[in-house]
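Got a structure for you, questions after.
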């Protein structure tokens, strides 16, 4: 009776993609317009999937209000209306691609979830581009 | 050559979440506003995924008109514009959380599908909350 | 420089459509499955449109946090996870069709908005059915 | 036989909302998290509506490939992956609220459209907040 | 108390855009890939908006089941899974652009709607391109 | 650190479903309205999922501009605004059901992707019907 529940959340943030030790030309060649030194931004949408057994009394895998609150406190308050490169220590030494942001979200939430749950995260950078971790 | 085909359906229903043997306070503490004794409701959206081999002549896993008809007869006619707690015997002794509704849909459809098919069901309670069974 | 700003909100509620003085047969003939005496429900989505002049200093028609807060306090807290027929005095003598719910929302918000603003409301009962007031 | 045709486009940009002559406290009080000095960002979606007579031979109001090209050259190339405050002269002295961005888009496109057309622009800052100009 | 109600419908059809008296080169120059002589196709989505007074007893502008049935009988049965150029007499001498299809839908529905109603039609050819008649 | 990245693309095409050696009656019985000899059409949406290790320097699984370009060159240019039955050799002897189109897209892209990547494709024929390969 293992089932998954998915909750959507969102945050709006600025970022840029570039490797400090590279030249501007190389950054532009690899990251294109995403390397703009003055940043650009996105409406990020995350889908957090928690998998576990259904509690026979409550009929719930996890209390959604608990999951919603965890996502707000740990992810949305941390990243919403922030500059990921400048404001967020998580990306001090990590390039904030959708891939890395997704993995960081997973790592933060994993620490706060009981180990009886499996966890995966889907992150939309735009409606057309999104990532899932773990694969 | 195993492939999955997914068909969307929907039904609009009322429900409430509460455990009969609990006090109002405990129900409110666990289920929040979902425990309102006079019910509330949702536009449920289901995605039914059927997995099997592609027929080399017809190019189909399953005839979609057959799947559509099965979903209409067995699920939509049963739950659409109903009160899940009061009108549906499936939930006489089962709390109609998204998790349990999803499992009930899976159990009903499973009986009507040839065993050569795998089946899974995703159920949206809102655009922001949804479940998948099996995980 | 008149411009419109639109903010989305939502509430999930139960309702039924029937005229008390009519027979069950007549109610069924006119309202179909919506007349189910045990209620059904929807995820209602509202789009509240406020029209006015852009403030030359702030670049805003209305402060969105003010509009968001008004929608939460006056509409979402009032109708979310409620039974419109049983819990909401607005519909004690008014049948809660999408049309009437939309007009009631407009009337409530109109009282709280400065008269320099024009107001209109779009209400989705489902993705496929929605209303706009005023026309 | 006047008809409207609408074409969607999009650009991803960083911005912040603040008035230079105000204190940080006042900016935070009015603009909330949008005043973050290090910027945040959005996936902006624009819907450009052109209204005119249908050409009896081609059955078109305006050639969509022309409109698409105009939107790409004049709006998307100008604002996509940019910092509206730092990179775009249009906002050197104009606060880049959704309202002002929408009006700027309208003003740019208006100059390039034949005067036999009416023009209006809808701009989504998020799925939940959007503006329309003219009202 | 005039209000609008909008109902969505859809049909999937093939079409091509070309003027018979023109050369292939001219058709390609004006209509681009839409001139492919072997046709292409779309999932058309229509939004039919009916405006009128709310009936004080039923709380309805128009009975949605009546509108739904009209849209099915007059539009969907006529155009769904058809080749607009070859199968539909409406387009025997009329190029099936989104503009013309939208006007044809309006003309058909107008004849079947009581004159106390106003009518307008929005037609999506894709998620990115759509038209509205009347403007 | 295996992660998946998904990119959306789209193409609009005509097709019909029928088996040449069958009678019209049998084709209609099996394929319904999809057997219309004059074709119908769809806005196809594909989601291409590529799974691999995140590059520790660039933070990317695969460069999205490379994946986008591959999808444009190999799939969209090939199928967009085409008649799948008449214009595309891939379907000369293969019935263009959603299942088969999805498998063909997978086979084409597989040849162009480095073998360190896993690949899967989801194809929407309509918003309500879609397929995934491999299952």
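Letters A, B, C, D, E and F name the chains as they come in the text, with residue numbers starting at 1 for each one.
Note that contacts are C-beta pairs under 8 Å (C-beta built on N, C-alpha and C of every residue); 3 or more make two chains touch, one makes a residue touch a chain.
Predicted model only: the values in this text are computed from it and were never measured.
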What chains, if any, are shared contacts of chain D and chain F? A, E
Using direct touches as single steps, what is the fewest number of steps from chain A over to chain E? 2
Could you check which of B-C, C-E or C-D has the same interface as E-F, with more than half of the contact pairs identical by residue number? B-C
Between chain A and chain C, the Cα-mean centres are separated in Å by 33
Could you work out how far the Cα centre of chain B sits from that of chain F, in whole Å? 28
Where chain F touches two or more other chains simultaneously, the residues are 127
Pairwise touch list, complete, is A-B, A-D, A-F, B-C, B-F, C-D, C-E, D-E, E-F
Would you mind writing out the residues of chain D in touch with chain C in their complex? 17, 19, 30-32, 94-100, 102-103, 127-135
In the complex, go through chain D and note every residue touching chain A. 10, 12-15, 33-34, 36, 38-43, 80-83, 86-87, 126-127
So in the complex, the part of chain F that touches chain A is made up of which residues? 1-8, 49, 51, 54, 57-61, 63-65, 118
